[in-house]
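There are two complexes below, and they share chain A, which is joined by chain B in the first and by chain C in the second.
What follows is the complex of A and B.
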């Protein structure tokens, strides 16, 4: 029965990807933009979830990694004309190094709970202020990406957003696949063991420190790639738009609303929050109203479903799936 | 330099007041109230509009803010926070961040991004003392802040309600067994904590701009002041506030003002590394 359900979920996943592939054929450019934002935040939320949700080491400083990715690819392109794809890899390496540093500092100090959360904010803020005071990368003004013709090589698409859409879709599918592979591997079991009971994990011979640092580094590198995508999509970055605490909040909000430590959670969360925010922004107007709605939604979910809406979504799907064969038979 | 040190100390005293309500809520209820700074922002607006529309002196606005914000806090606990107490700590923090988002962006919606400043003879007055210029509203706010913190300390130590609060903070179950109504204590603590933000808002609006996003900078400072001083200890907030005020002021003087956030965050990390229970705290 369990295997049967798993294959149903795999089927659902394939159907969803197929729908996503065909989506651009039927929607307006604005809806495509909304879909890209959902994809980006589903990706970033998954990257956060992989390092933080499963190990229970909840970072509120992921904007630092996103910013490093965005700055690395943009600066390499602007100063050395390196394609943003290579820049993205450079950004991932830099972010992984910074993530390792953050991990080593926080976990060597044995920071737990609130202390860890606040320390990650502090480190991200120090990085943000450093970039503000670094004239080479534009200081507080940031960097404006020069616009070139549409090309995959330059990672820019202006005549239509289709290029961005398919890239973020591929990134999302890839990260979900990677996440599943990791979670089903030894590494994933170590992460979950550390989350459940760190002392117990240690007593079973798991080097908790090592695996917590690895989790942070992987998550940092993946987040940096999202930063490169953001930089290429918006074509403007500054310390306050890619490194501020609010960016970290937006990254983790989707995962929290959807459900931490689940593969579908960040995707469901992003798919709920971002359309509502974008639609409010576009059709209701009023600067700030979008965040009022997002805030109300977050408080509501935290009060009513503290483990995220994914449990409810899964239950509904399973009930629906078990009902289907009966329909087919009749 | 003397000028810098004096004004940093004055500012540090005010940080102590900003953090003390946050610290009280954290110490007793173990809840990080990320909406605290945005409550303070609303208090700044209440002060500003009482002055702009009705000519109420900003210091008198404190007596509007105390009952108003106590009520807000009391009911926020009853209606929202109470339902979060069973949730994981991180979810609580995210939920209060959500509350902060709502408050902050409502303010943005209603009052726009304008920077507002109360300008009257009081807020513009300065005092010259042995070659150092002192802003009178800053000095008054400093003294007022320390007085409020002292009053809160006495309240917790000497009154029956204060003893009940401290008992609840030590053990929720034991306090309940002793006949203390824990829910009521929580609501009062949250009310008092938010009222502290109300008082702080009135003081800060006499020497600082009022705008919707003013809370964000103060929220980060609250965390840092509380941890540097010592969690759950009212007087430790003063130590934390003065440390951060001085670190920020002197650091900005030496390295340039654009570095000041990085400076106080570094001090915070240093304290975490060397003395995680806080400079003043006995540990929690």
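What follows is the complex of A and C.
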């Protein structure tokens, strides 16, 4: 992992952002759609990674936070004509509150490993079933966002997807910057300490319970913003499309494939999985086949390269770099 | 007043009495040894003092405060640091990051933490390995790292759980020098140890536990001559 220097990483990041900025000039609307989905799930995967990847508390219930964000902004717009941008902030606050509740329940009970995973699925399912049976927000039918003219204020763009593309790109760059700042701060040190060894972390003065709850709340709030974006992009939400276990799976798959607890992991993972899923859906067809393909890929990576693509590349690069001097000497 | 005062401490696990009415003091500036055969309750005592276990009865006073029932992180913030018998490490962190994590107990700024970490690494002699991953260190260095991380929290009292187990004689001499250096720096030490070669030259006082009871206390020489201690270690003839 010593191989990439910091400045090289920064250069790589700047080049990738530049390419992403220019991408719409050369691609078809379909590819742009794929790029938007990659951006969204890179964003959601990063939000998941920040709370779960770094602390090692693997939540399989992040659809709950995404759903809360989507419902908050959509309902606030439909019932009170509040701009989705304000709605997104409301969604983030609600999701952070729910995340705090989830964290307090799970971590007070001392749930670990598989038990924590199952508890997060259960809590997200409770929320989904609650929304299915809540007529005010459309029950199982969900909410259909009224279509208005293209505008940044209303967060809707119909003539071209460019607006959505640049918004998700900005969100992604922002979350990666935030993630880096957090990981380099006391919070980041504490998250990783908790993942590596909770007893040792406690012995060094770390209130593991507090920091796990903080991680969950931050992750929940950021995930909710992704939910708002999804709602504005698809313009239709229902408990089964934004709160289902499948959505949680899609969120965490990117991080697992790309590499958990690395900043680039969820981005690389999303950039691998989502084009494959979208292409499968578009050209092979078959309801659910995209999930089969993505699932196989995820299981394959988890078994063969448990540190994800990033870990694999860095290891290969390190091995190559350490081999070079020997070649030079001989 | 003693820095650490343990009074009539009892800890049970079901029917097993791991600690039975144990009392003793650790004075500021001392190195106190705690010895006893396997299963005597030494680590249990450490876990009670550092908040990992809650005692069934008795009191623990540290620096004038009752610390019974505090959580581990709270005892750390009060000024008690510890190492673990079964060596623990933040395996995905580098040595420097691991020690910085300890230093962050006293500051919110990573720069300050890193400064303290560098100082501490130099102190324990790990400075040249600061960029090595904790997970790829040897056991000896991992123990050193555990100690460095604990010291970085700025403790008044450090509890060491078998620092010398598995070390060769040269390494043991290094550890002895290091422990004296820590004490001379103003930190009190309370050391659980099996290796007599370490405890005899370094400890000012030694307490002996056997089946959860304190059976002897005194200078290393007194304890080594004590009938009850010899019997606990070697058995009755």
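Throughout what follows, the second predicted complex is superposed on the first by the 308 of 330 C-alpha atoms of A that agree within 3 Å, B and C clash if a C-alpha of one lies under 4 Å from a C-alpha of the other, contacts with A are read in each partner's own complex, and residues count from 1 in each chain.
Operating definition for what follows: a contact is a pair of C-beta atoms (placed from the backbone, for glycine too) under 8 Å apart; a residue touches a chain by one contact, two chains touch by 3 or more.
Because the structure is a prediction, the values reported are computed rather than measured.
Placing chain B and chain C on a common chain A by superposition gives a fit, with no clash between them. In the superposition on chain A, contact is made by A:245 with chain B only, not with chain C.
Of the two partner chains placed by superposition, A:144 touches none, neither chain B nor chain C.
With chain A as vertex, the superposed Cα centres of chain B and chain C define an angle of 80 degrees, given in steps of 10. When both complexes are overlaid on chain A, the residue A:298 reaches chain B alone and has no touch with chain C. Contact comparison for chain A: of chain B and chain C, B touches the greater number of residues.
Looking at the shared chain after the overlay, A:184 reaches chain C, while chain B stays out of its contact range.
In the overlay built on the shared chain, the residue A:11 is in contact with neither chain B nor chain C. Taking every C-alpha atom of chain B against every C-alpha atom of chain C, the smallest gap after superposition is 14 Å. Note: no residue of chain A belongs to the chain B contact set and to the chain C contact set alike, using the contact criterion stated above. The residues of chain C lying in touch with chain A in their complex are 50, 52, 71-73, 76-77, 81-82, 84, 88-93, 97, 100-102, 104-105, 108-110, 113, 131, 146, 149-150, 152-153. Touching chain B in their complex are the following residues of chain A: 58, 105, 109-111, 113-115, 117-119, 121-123, 125-126, 128-130, 132-133, 140, 245-246, 249, 252-253, 256, 286-292, 294-299, 302-303, 306. Residues 32, 80, 83-84, 86-95, 97-102, 104-109, 112-113, 212, 216, 220, 223-224, 227, 256, 258-259, 261-262, 265-266, 268-269, 272-273, 276 of chain B are the ones that touch chain A when the two sit in their complex. On the side of chain A, the complex with chain C involves touching residues 2, 184-186, 189-190, 192-193, 195-197, 199-208, 261.
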